[in-house]
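What follows is one structure encoded as structure tokens, with my remarks underneath.
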Amino acid sequence: MNSSPLKTAVVGATGYTGLEIVKSLLDHPGVELTSLTAKVDETVGIHRIFPELSGRLELECSNLDVDDVCRKADLVFLALPHTVSMLFAPRFLQAGKKVIDLSADYRFPAAADFEKVYGAEHRDPAGVEEAVYGLPELFREEIAPARLLANPGCYPTAAVLAAYPALKAGLADPGEVIVDAKTGVTGAGRKASLAFLFPEVNENFKAYGLAVHKHTPEMESVLSRASGRKVRLEFAPHLLPVNRGILSTVYLRLEKPAGEDEVFELYREAYAGEPFVRVYPPGRLPELKDAVGTNNCLLGFKVNPRTRNLIVVSAIDNLLKGAAGQAVQNMNIMQGFPETSGL
Amino acid sequence: MNSSPLKTAVVGATGYTGLEIVKSLLDHPGVELTSLTAKVDETVGIHRIFPELSGRLELECSNLDVDDVCRKADLVFLALPHTVSMLFAPRFLQAGKKVIDLSADYRFPAAADFEKVYGAEHRDPAGVEEAVYGLPELFREEIAPARLLANPGCYPTAAVLAAYPALKAGLADPGEVIVDAKTGVTGAGRKASLAFLFPEVNENFKAYGLAVHKHTPEMESVLSRASGRKVRLEFAPHLLPVNRGILSTVYLRLEKPAGEDEVFELYREAYAGEPFVRVYPPGRLPELKDAVGTNNCLLGFKVNPRTRNLIVVSAIDNLLKGAAGQAVQNMNIMQGFPETSGL
Amino acid sequence: MNSSPLKTAVVGATGYTGLEIVKSLLDHPGVELTSLTAKVDETVGIHRIFPELSGRLELECSNLDVDDVCRKADLVFLALPHTVSMLFAPRFLQAGKKVIDLSADYRFPAAADFEKVYGAEHRDPAGVEEAVYGLPELFREEIAPARLLANPGCYPTAAVLAAYPALKAGLADPGEVIVDAKTGVTGAGRKASLAFLFPEVNENFKAYGLAVHKHTPEMESVLSRASGRKVRLEFAPHLLPVNRGILSTVYLRLEKPAGEDEVFELYREAYAGEPFVRVYPPGRLPELKDAVGTNNCLLGFKVNPRTRNLIVVSAIDNLLKGAAGQAVQNMNIMQGFPETSGL
Amino acid sequence: MNSSPLKTAVVGATGYTGLEIVKSLLDHPGVELTSLTAKVDETVGIHRIFPELSGRLELECSNLDVDDVCRKADLVFLALPHTVSMLFAPRFLQAGKKVIDLSADYRFPAAADFEKVYGAEHRDPAGVEEAVYGLPELFREEIAPARLLANPGCYPTAAVLAAYPALKAGLADPGEVIVDAKTGVTGAGRKASLAFLFPEVNENFKAYGLAVHKHTPEMESVLSRASGRKVRLEFAPHLLPVNRGILSTVYLRLEKPAGEDEVFELYREAYAGEPFVRVYPPGRLPELKDAVGTNNCLLGFKVNPRTRNLIVVSAIDNLLKGAAGQAVQNMNIMQGFPETSGL
């Protein structure tokens, strides 16, 4: 660890993800938080927006001024909407800063992929080429030297970690993957909206984005690349009446019979030494609440010999392993900090 | 009941209260629902906004056109924001229609009272003079012949019914009433807002509007008038993480010792024959869920001889007895329908 | 409708399902509720157990006395646990009563099927032979003359109605059906239990019973019989932190390409004239809250041409269409009442 | 801090409070957790009961064996039911251990007080005489040398900290205090129970224990002792549909006029230097969620000059400042650790 702490900034600090980054950095022994920005009417103490920070952090949050952030910080977290990050990331890189971007802007291998999925012109194709996809369990070695890191989507994190070992090992058919995922409401962000009012979500549950959700190509792209097989999957997201967490039920078609002990061994080995993946033994399944509040991805599974399906259940906290926690984990790898610092 | 059904309109049909009026009217044998209006981008089937109405109601909802409503309906429910109702109520009255207004615009005895509390000029002082306050348990005889009815606020309904018998009987000190009230989130209406997003309300609870909530003078005004004594009360509203319902805990200071049997007798007698008030015997208290979905006001109480307090707990559904249900009850009284029709 | 009302009893009246049967019967113009029984410490007014019934029903609930029930009622709802119904149903039938059983005891074609799935000896094999499976949309003609009716399981109702048209029409592969279902907590019944305490369920979500849930063979049996094809399905139930409702996401593999208009037409026709099934047009999906509080089964779907999956989403209220409401619907058919009476 | 860590045991580790003690101790640099006991069917890894501890703690939980605990630990947390702690505390004290008891058994000044309130004979009157009441903000100096510490009740912690400064300063009438408190469901403990099933609590809210709740005399006793005035208060607890937290609305009658700045100064000074009390400035009130997950007591207030009431709102996490967190805070004081260690 460096003797003087790393100076960090959070751009987009007033969202749910921004808050979680702030809280992790406050607990991090190797980091100093020096700058917070967001779209605000006027500069305001961050503890006024998030009273739970009262007494823990006295920093003010102001509108983004790239030069000012560059003066104050050496690593910048961008917690901005899609298509906005690409406008600012290059400027921070040019100033010699490291960037961890939590939007989708740099998650695809090429700008054209992004443009096809998000229907918007990419303004920083060179950045796309340079960026590293920050799922440590699959790409840790590429992450360490990265200057521009693309933090994975919340759903892809939960789904990819669940499906990867079986696909990689040739155990499951890469053409018949179904991901039935359920997310808490913070996944929709912190912005005024009729659809996410309490009485609209509470005592309710629904599917949305069937067949068209933009995380589908991200999952397919990452799983194909990591498993070396062309993966085609059906992704069906649902909205849960809880604040936090994603639980994904992933249906994999076994290409050959496999026992639960064999699957357990496969998954345990795939994630051996991983500080944030827990594989449950046969007979136990993770619940959402066991992942919430942690940076863990919990994995459990069931083999149904009658249908020849392998069902993998994964649980993460969408704001931590699905966003802010994974971003800090990536920072730790990029900086040579202990990977669990602040988490 | 009239041989041909009463034609009714709901102005402001896309809010939570509007929906409940619609549902009550659909169940009402003496009424036909002929017109729905709201601020909408374009005319749309009401079942598209509220899918639960699919198959039950084919009516369209369009922007308000007073003349059109007047052609179609003989009684109009105004489920509009405060200070908006006063702009339209006179026009419906002039056209010979009856009006049941669910805003605060006509709840005070004089326009000056409204102006003091709501900080806005009243545009229909004559209407204020004519309007009848629609709390049937206290003012049924005035309601029957009314043309313009002011439907009570949700909090005042719950608090007034809880405190009235003890104040009227001289049992409790009118100068020391405390109403600690807790409401479900639909009480805030159906509009996009950061404060009422699911993650802001869920797993949370808070007080708001202490000492300044606008329902305080409404409660004091109604209780003073009904009890014949000058009532001064402290009203403290709180926001519950539930969709519906108000539970109020009302602290009354006994002016003389009283046993629970005596209080029970007093309350039972005060509400004898009331179709929508239930007084629980000593030893039992109403819970919120027992009132939700009904037009009932449930009342229970405890006498604490040590502190000389009488604590009355009242529970209502804020959208029914606290708004739409009471509005339909008032319509029934005004039209000579059985008081429980549609409820 | 008969001139004198049908006398009915509810055996097992203190559970969530029992309460809903009681409420439906109270609203039913052709029925009189004459007897309530349950395991109780002492005979007690049902409104003491369910205060929401206060003022609506004065009936007492006592321990089951078959002779007493037979004296009072002509049709008996059995809301009893599995393996208990079979002990009492024959006695009511012998006394000339009609029986609507809400347990699993009579849902299979033969006693041996039940014994295999539930691991218990069946004590009334003759009853199993006689019993009719009460899913009106598929078996209405058999229901009308039934004396002993087996009310379907909550999950099977939601899943079968979602999958049936596509399987029957040969559109989907009967060997590759996946039902990812999510239920509210009342599905677990009303009994003291650590696992269903509020803090264990709230802000949580989990899968359970993967590959082994007892509703799987019920679904396969009914779908196979109704579609004329051997159906094999994967059923994965999950527990939602809501009181009521089941939303099922059903994945069907298309055997030939199909457009959404074609699927819509197929489903609309399959359920034409059904009072309690609503098929949503392409582009809209049902949400849980739109079904809760009704006896409806709402169906929506999405075709994914890329994966060749047809995804059908169905929503029901687990206590109504999934239990009590469907039981009353069956009673209506058996008695010649209008099918929607009381619902 | 001692060079070798303090060895600690948690007796009653499988409840919600026990879990929170365990989690705090795991984060505590000066402490080693060496023994966990509870009523269990068989010895079991604690992570099997609380999967969120997986990978963090490998300790087993077995039935209580006092001698075994004495061999392993030097300080014992008793998270046991009332009237059970008193059976074991003396044995640990006799073995030279320090005891922090989270039950009510040692909270009163004399055994007779306990017996009057709890209706059970006290089996350890000497312990009652010795025990120190562990509310650090009021009694820190007595806590430091204590061997037997009585951890305060959750409700008393929230209420006493809210009312104490105004009563101590003679600002408020000690004879007219009203505490309207609302708690999350974990306050009821983790035991199978019909009343705390999810569907009974969710979408519900209720008052309970009016005039008779056993925390009333605890509040009065502590406030009277700390303020030097005889306090008589009305305490009305309510059950919130949330997992954690207590929000109390405390009504105090001003004995003389006071402005909000004056009250703010009074409270700020009363809690100057306190690491876990935050006083909000006039115009802001604490919300439940800002306290949950922390050991803080948040205080805000409103003066109503019209009614001459001072309304103080306090928010705590019932499992932390209301139980486990305060217990660890007390341990820190007793051991000379930094007061915020592990918290």
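Chains: A, B, C and D, in written order; residue numbering restarts at 1 for each.
The criterion applied here is as follows: a residue touches a chain if its C-beta (ideal position, glycine included) is under 8 Å from a C-beta of that chain, and two chains touch if they have at least 3 such contacts.
As the structure is a prediction and not an experimental result, all values here were calculated from the model.
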Most distant chain from chain D, judged by the mean position of its C-alpha atoms: C
Interface copy of C-D among A-B, A-D or A-C, judged by whether over half of the contact pairs recur: A-B
Where chain B and chain C are represented by their mean Cα positions, the distance between them in whole Å: 37
Whole-Å separation of chain centres (CA-atom averages), chain B against chain D: 40
Length of the line joining the C-alpha centres of chain A and chain B, rounded to whole Å: 46
Where chain C touches two or more other chains, by residue: 203, 241-243, 286-287, 289
Residues on chain D engaged by chain B in the complex (per definition of touch): 178, 180, 182, 203-208, 210-211, 232-234, 236, 238, 240-245, 247, 249, 251, 285-289, 292, 302-304, 306-307, 309, 311, 313
Residues of chain A touching chain B in the complex: 16, 184-186, 190-194, 196-203, 241-243
Complex interface listing, chain B residues touching chain C: 51-52, 54-55, 203, 278, 284, 286-287, 289-290, 293-294, 296, 298
